[in-house]
Amino acid sequence: MSLTAHLAIAPVVIPALAAPIALLVMRRRRHLGIGLSFASCALMLVAALVLLNASADGTIRTYELGDWPAPFGIVLVVDRLSAIMLTLAASLSLIAMIHAVLTRADRKGWHFHPLFQFQMLGLNGAFLTGDLFNLFVFFEVLLIASYGLMLHGQGPVRLKAGVQYVIVNIVGSSLFLIALGLLYALTGTLNMADMGLRVAEIGPDDQGLLRVAALLLVSVFALKAAVVPLHLWLPRTYAVTTPAVAALFAIMTKVGVYSIIRVVPQVFGDGAGAAAWAPAPYLLPAAIITTIVGFAGVFVARTLSEQAAYAIIGSTGTLLIAVAGWQVETLTAALYYLVHSTLAGAALFLVADVVARRRASFGNSASPGPAFAQRQLAGLLFMAAAIAATGLPPLSGFIGKLLILESVAGLPGWGWSWAAILASTLIGVIGFARTGSVIFWKDADHKNAEHKDAGHQDAGHNDAGHRDEAEPVIALRRDMIAPVIAIALLTALSVGAGWATAYAGEAAAQILDNNATVRAVLGEG
Amino acid sequence: MAIPLTLYTLVSLPFVVALLIAVSGTHQRSLHAGLAAAGSAIGFALIVSVAGRVTGGEILAVTTPWVPAIGLDISLMIDPLGLMFAGLILGIGLLVMIFSHFYLGKGEATARFYASLMLFQGAMLGIVISGNVLMLLIFWELTSLSSFLLIGFWQHKAEARQGARMALAITGGGGLVLIAGMLLLGITAGSFDLLTILQSGDVIQASPLYPVILVLILIGCFTKSAQFPFHFWLPHAMAAPTPVSAYLHSATMVKAGVFLLARLWPVLSGTDLYTIIVTSVGLITMTFGAWVALFRHDLKSILAYSTISQLGLLVMLLGFSIKMAAVAAVFHIINHAAFKAALFMSAGIVDHETGTRDIRRLGGLAKVMPVTAIIVTLAAAAMAGLPPLGGFISKEMMLDETLEVGLFGLPWLVPVIATIAATLSVGYSLRLAVHLFFGSARDPEPYARAHDPGFGMWASPALLVIIAVLLGFAPMLLAGPLVVSVASAVIGGEAPEPGLALWHGVNLALGMSLFAVAIGVLLLWRHGPLLRWYEAMRHLDAKSLFQSTLTSADTVVRKLIVATHSPSLQRMLLATFAVIVLLIIEGALTGGGSFTGTRAGLAASPVAIGAWLLLIAATGAVIYAERQRFIALIYISVIGLIIALAFVHLSAPDLALTQISVEVVTILLLLLALNLMPKKPPVLSSAPQRWRDALLAITGGLGVGGAAWAMLTRNPNDPISSYHLAKSYSGGGGTNVVNVTLVDFRAFDTLGEIIVLGIAGLAIFALLDTTSRGAAGARLRSWQEDMPHSPERHPVMFVMSTRILLPLVLAAGIYIFLRGHNEPGGGFIAALVVAIAFLLQYLASGFDWTDARRRVGEHFMIAFGVLVAMATGLGSLVFGANFLASAFDYYTLPLVGEFELATALLFDIGVFAVVFGAVMMALQQLSHIAQRAARAHAAQLDADGEEGSP
Amino acid sequence: MIEYAVIFGFVCLTLALALNLWRLLKGPSIGDRIVALDTMVINAIATIVLIGIAQASDTFFEAALLLAMVGFIGTVAYCKFMLRGDIIE
Amino acid sequence: MRRVIPHPGLSVLLVIFWLLMANSLSFGGLLIGIIIGIVLPIFTAPFWPGRPNVRHRAGFVYLAIVLWDIVTANFEVAAIILFKRNRHLKPAWLVIPIELTSPEAITVLAGTISLTPGTVSSDVSSCGNYLLVHALDSPEPEADIARIKTRYEARLKKVFA
Amino acid sequence: MTLEFLVASAIGVLTAGGIYMILRGRTFQVVLGLTLFSYAVNLFLFASGRLTVNRPPIWSKTVTEYADPLPQALVLTAIVITFGMTAFAVVLALRSFLETGSDQVDGDIAPCDANAKNTKAER
Amino acid sequence: MTALPLIAEIVTSLMIIIGAGFALIGSWGLVRLPTLMERLHGPTKATTLGLGGMLIGSMLYFQLFEGRWSAHELLITLFLFITAPISANMIAKVHLHDLRDRRVPITKGPAGAPPKAPGESDWATYEAPHPKSAARTSEE
């Protein structure tokens, strides 16, 4: 068996090796550790790109761990959707990693690099696995790593927010287990493809239980995706997190969305009796409300990082509007917009950091401060990120929104969807224009400039006395590199939209074609 | 040049130039202006080069697929309409670039200015030569964005920022509505290709969606072209530098709405709905704008309202749905572009040279600024529609067409109002020229400063005025063919012969025109009293209305968002549990089926019932003693014990072992934390809150318990675990199926699981390592023990017993580890047991004593464990098997007998190391915090002291 | 005969556990509760052994052994907490 | 030999422990048991500074006596719990002067006292020369003290000589 | 009285107790609530293999009936993971208390509000 | 089973009954005895003879009925012999601590407050062990 046959496991193996090795070398040889971490991200990207390319022809690759045949062992499934998610995660990881290292955010606490790699391990595992319990395990890996990263740098606000974030997610994980228990009790399997086959054979007497399981499972995913009303954990958590981490977290809600896209058609598709498309009637209204709430948050938020956090919620809502259609076209739109919105969210957090780092005590709050270094450039970056986040042309958000608008047209409730998407875009634009014009255009009058009280400080910053607190005034533009890369990727996503949408379209078709997955996972029989 | 190349060059040139300017450095004023002007000139030349072919009836088009999934192609198309607009954009653009160079001061950020201006030029050009409506939308929104940047160019001015945001909100918002309209249009027409759409007028007008499409598109057009009631952003956009106003807010961007109306004229016009809406909006805007313009004092404000009025005129003409009106509109577009841009530039000159734009402070400037006076007077005459200028001709045509249209069944309505509007136009136009240049100087200060600018500055407006004049004298020669071909493009068929001439004989239109001039002069004469009357009236200030709407929206939404999103864990959890409970209920009710299944139950033994009672009682006790945290903890351990018993009873020995050992470690953790926390906190929630929570809790309990009951009373559905049972020994080499599952069948899960523990250990370390610093350190240093304590730290019996226990428990741990594959046990449980053995030493002999005897760091253990597990997994790759494939075999040694070696054991070593490392890490880090914090602080102080000394 | 002895044993142990619970809930002092818990652990060990006899299986021996090995740690830790606050110092 | 097996008693205990864990006698098991019996005492030596040397024969005698006492005393205490009314109970604190000096020996004595029902070792004096014992029913405390000293402490002195 | 009833009702009671405690609003109680809830969840997951007495999944040639081993393996994994999560939550609760002096999960300044006092909507 | 000697069955049953009986008696003592110090004697019953009986019963059972030599029950006894006195000692210390230092309303019990240790010293619960005392361990 050639090494390429094992490529499917690479996105898991790479960070799983990098993390412990980085942990071992980090204390003595810091640069080696950082280099390792970088190399790992780069290798993950290479592996993901190879898988992306390999999946282009429509082959669904499976990888039976321990050589135990599916459905008895755990199986990894690489289809186009997985490949897209892996590529996205790896790209994002590089951006976040570059930013963390260049801004020295990785030095503001312990174990940034091991935790970061473990986070990637969790993400990649979740995107690869074809086993529902294994999905749970990787959820936990990515969550516990995210707790560590979220609290990186600490400080009271972060700690307080961390408590809430952690507890909500522990509750969510518990609910996941209940749903898993029900599904195993009913179907006797954990393999998703197998489960999809077995739900079709469940008797009428067990339909209620099956539907409960389906709804429970999807609401756990919705909690991760921060769908209203299960979104309340997100705004503060993301707003106070170290920006490089928040940028990486842009993909965390998408894990929830990914899971919905992965599980619902495969397990609760047409054949699932009472559970067939069980979450569908709630998904669209929830998505619409999420969109509005998210961008309303952008409209009223007073700091860039908060705006970014709300933008994440809003974009997830928009994304789910498309997902809720469950058609090839809508899923195409969803996948394209998923990639876009993840990068856009990351760009926003990074730009917020660029601003905060230059405005000292004013942080990234929308209050006029003194002029700061590279203000125009930062403003330009912000504008680009905001354009991306709101979905204005010329960046990919616009194409994404056009895709969604076109694909949902004519579906039930499409008028609401359109209104929500367009209205949310407008309020988002107004919100970003307001904060942007205050931060980048308005100068503080003298009264304001002297008024630098402690409450003003960006919550994300460390308390006094932390070792890296006293950094020199930013003279270099190195912290702009990561956001520029993010925006460049968004540009590439616009320019290559034809190719990207074609790939997404084929991925969408593959998602909805259960038979193909079943054949690939369980064999021809 | 080949046509595709020409088109692509045309549309990309401005962007390239913008980029060049942006990267060319900040102090290159002339270079910036030069690049911008050159870019515009080249573009203009390209347009001129194709003009002949286009006016000759050829449509130049090129298409490259971009996003086929949505029908978005890179499609460019130049027909006469596009040609005319492109010419205006580039021609006036060139003049504006030149003018700007002289207008802008030395310190201005010219790079940003010209880059934004070129960005706008590209976007605007894109709108008019897009061959795909989705492309058009992209450029449409880009003009809003670039206009935002340009209006806000003087960023330090509040009115600039506000004006920019307002313009963005209105035009950007309108653009979004337009998106909806265009998408529906394209979906209805079956294509987003402009030419296809233009040929689908019948289909679209027959569609039930037509009214929706129409209204949506019109909103887009009206917002962009500042039509009532969306007009108010335009006057505030005048905060932009004057060249910007001249370019965007008179000649080009505001015409985008008019352009789109013209572009879609064949598709949308001709219905009653269209005529009524477009005509009345245009009419109202034309009149209203003119009326307000009459009373403004700021030159640019006068011009802004006059622009609104003129745009209304154009919209109205297009709304008539009459071919000849369309011809009139086309001709007026050209006229207006010429005289209005000239006027704006002149306003800029006046501002530049006198330091004010307040018409009340100016007057008699003709003496000191003769050139400017001539330019403005001629342009104003054109605006007033006085002969012999082009404006006169187009106004005549307009008035003539009004006679053809009856609105609301009233044939006189449109002509009468149009005449009134024309009158007002004459009024404000004359006022502009007369009050500026004639009479006496009203304020000596600006007058004293005033003089004509240099040639560079007045050349551009002069050229435009010459065009405006020539358009009156030789309209057919200069504009005739263009107007005809453009009008044909608008109409989508043969345009009627326009007959552009100053003199059409005595007709009603001439009468109306004369009336307008006469009354207009009257208005100027009586302007003073009129102004006092006007200013005595209350005016609805659209800007403050907009601002206050936005502010109150902000306040309300903010209140809502803050109220609902203030970070409250309790709310988050309430929402979560409520959603779950509702969904469980929904699922059960909708799904149907019976609550109790058919599986026969197992009879409960007395000890089971006893244990059950214990568990229920202990749970109740936890709730009851909730705030007495220590006692609640004791009750919790009872529950843990009962659950371990339950696992024993229910054939799950591995789980019992796990439960017992995890329980011990958990209790230690909780006690360590509790020591530094309040032991008995005050009541937090009110009685109603507690009842609410209790209700939710009971419902949740019923739901989950009910689901468990339903599950337990059903027969299993041929679970995959029968395979595991069958293959455990033969395929996995172990008889403990649970362990074989953990280290073999589902070793990947276990890998993830140990990594979770390892990460938890690392994260805990990261979290606690900083405890000695900052607020936490201060709190720890000042921490007062809240209970009286015994002075004895290490009770002798305890210490001595743990010393004999250590080797014994370690031996037990090794045993549990080794036999885990075949009997209950395994790496995880063994690790906990071994960890507990060492924790006992910490507990009895203290942190320092034990820590000093520790040999391997926890970080190493965690890393080592993960690496061992990974290496085991990767090892199988060497043998051509998949990741984590296991191997085992039986060997026989003399005396020893048969024994088994399995790679799973190696994997289990990894499990052991990670679990041990993580558990030790968590407990160690959590113990002795206060003392360690004090010590760390002292060490820090020492270090600081040493650093301070030389 | 052994069956009856086992049933008798289960009844005794169940009663014993119930009595422990009573003391656990009643207190009055913390020490009383800790004693009750400690006794409960021992009775639980006895129960596990008896289950082993009743099921003629020594699969559960490890559970009993483990409880005997580590069950007292809870007791000791609770006591240490009452005495010193910091259980690992 | 001393270096490899510094504490033969502990080593033997571990071998027996291992065989009991395995619950079977096999050569393989014995082999592992011996390895463990050698390795673990060395490995855990730092955690038990000054491991005392024990006289094994005296130790076994002591163990036998204690086991016998446990059985008999248990019946006595059971009788007390079942039949003696609280008001007839005569609980008492016994203060036992001890001559043992090593903490290990004191611990064994205290443990013995606790294991033989009816008495619970409650505390040691801060100088280490008195043991505080609670007796459930001790009408004659002095006699109980004397019994403990002669029956247990005296023998322990021989064990930990 | 069947074992199934005992287990199901115990799961229900533990869930209810857990939810109630989780909603208490102070970190330590919440952690205790999570512990209760996780007991319930582990039992639930375990119960997905149905209840079996005296048939532990230790393979032997002579035995044909076993308890379902898979849920047991899953619960073991779940217990371990829950332990890691609980440990982290406990530490975080303590750390947050030490940093802020409050063990309440709510009632802290939101960054939202902290910045609001310096930031008025621009007029 | 019929082949088995009746005496074996009787002895095994007896051990089980004795074991369970003692466990119950110990727990009953926990309930009925007047204060903590007296109650502390109850668990030592369950520990020693109660559990001991049960374990001997188990050993006999596997030996006689299953035909397996089983002695690992002794290990449980071993561990309990080591751990039970520690538990009792620590609980007694808590009681002593409660009596004098914590001033919680607690009945001293029929035995009253413990006498002060003779000589200069006090009980270790009230006074940290002296530096050279045998009661002092693990201090560095």
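As written, the chains take the letters A, B, C, D, E and F, and residue 1 is the first residue of each chain.
The criterion applied here is as follows: a residue touches a chain if its C-beta (ideal position, glycine included) is under 8 Å from a C-beta of that chain, and two chains touch if they have at least 3 such contacts.
None of the values given here were measured: they were computed from a predicted structure.
Least step count on the touch graph, subunit A to subunit D: 2. Most remote from subunit D, judged by the distance between CA-atom centroids, is B. Subunit B and subunit D have Cα centroids separated by 74 Å.
With centres defined as mean CA coordinates, subunit E is found 36 Å away from subunit B. Separating the CA-averaged centres of subunit A and subunit E is a span of 25 Å. Distance between subunit B and subunit F, defined via averaged C-alpha coordinates, is recorded as 69 Å. Taken residue by residue, subunit C touches two or more other chains at 10-11, 13, 15, 17, 30, 34, 58-59, 61, 65, 69, 71, 76, 80, 82-83, whereas all remaining positions touch fewer.
Shown for subunit B are the residues in touch with two or more other chains, namely 158, 161, 554, 562, 565, 567-569, 571, 573, 577, 609, 633, 647, 649, 653, 674, 704, 707, 711, 716, 719-721, 724, 745-746, 749, 753, 756, 759-760, 763, 767, 774-775, 787, 789-790, 792-793, 795-801, 804-805, 808, 812, 823-824, 845-846.
Residue positions of subunit D touching 2 or more other chains: 17, 21-23, 103, 106, 110-111, 121, 124, 126, 128. Subunit F makes touch with subunit B in their complex at residues 75, 78-79, 82-83, 85-86, 89-90, 93, 97, 101-103, 124-129, 134-140. The residues of subunit E lying in touch with subunit C in their complex are 53-54, 56, 58. Within the complex formed with subunit E, the subunit C residues making contact are 55, 57, 59. Listed in rising order, the residues of subunit B touching subunit C in the complex are 605-607, 609-611, 613-614, 617-618, 621, 630-631, 633-635, 637-638, 641, 644-645, 647-649, 653, 656-657, 660-661, 663-664, 667-668, 671-672, 674-675, 785-787, 789-790, 792-793, 798, 805, 808-809, 812, 816, 823-825, 829, 833, 836, 839-840, 842-843, 846-847, 923, 927-928, 930-931. The touching residues of subunit E, counted against subunit B in their complex, run 1-32, 35-36, 39-40, 42-44, 46-60, 66-77, 79-81, 83-88, 90-95, 97-101, 103-106, 108, 110, 112-113, 121-123.
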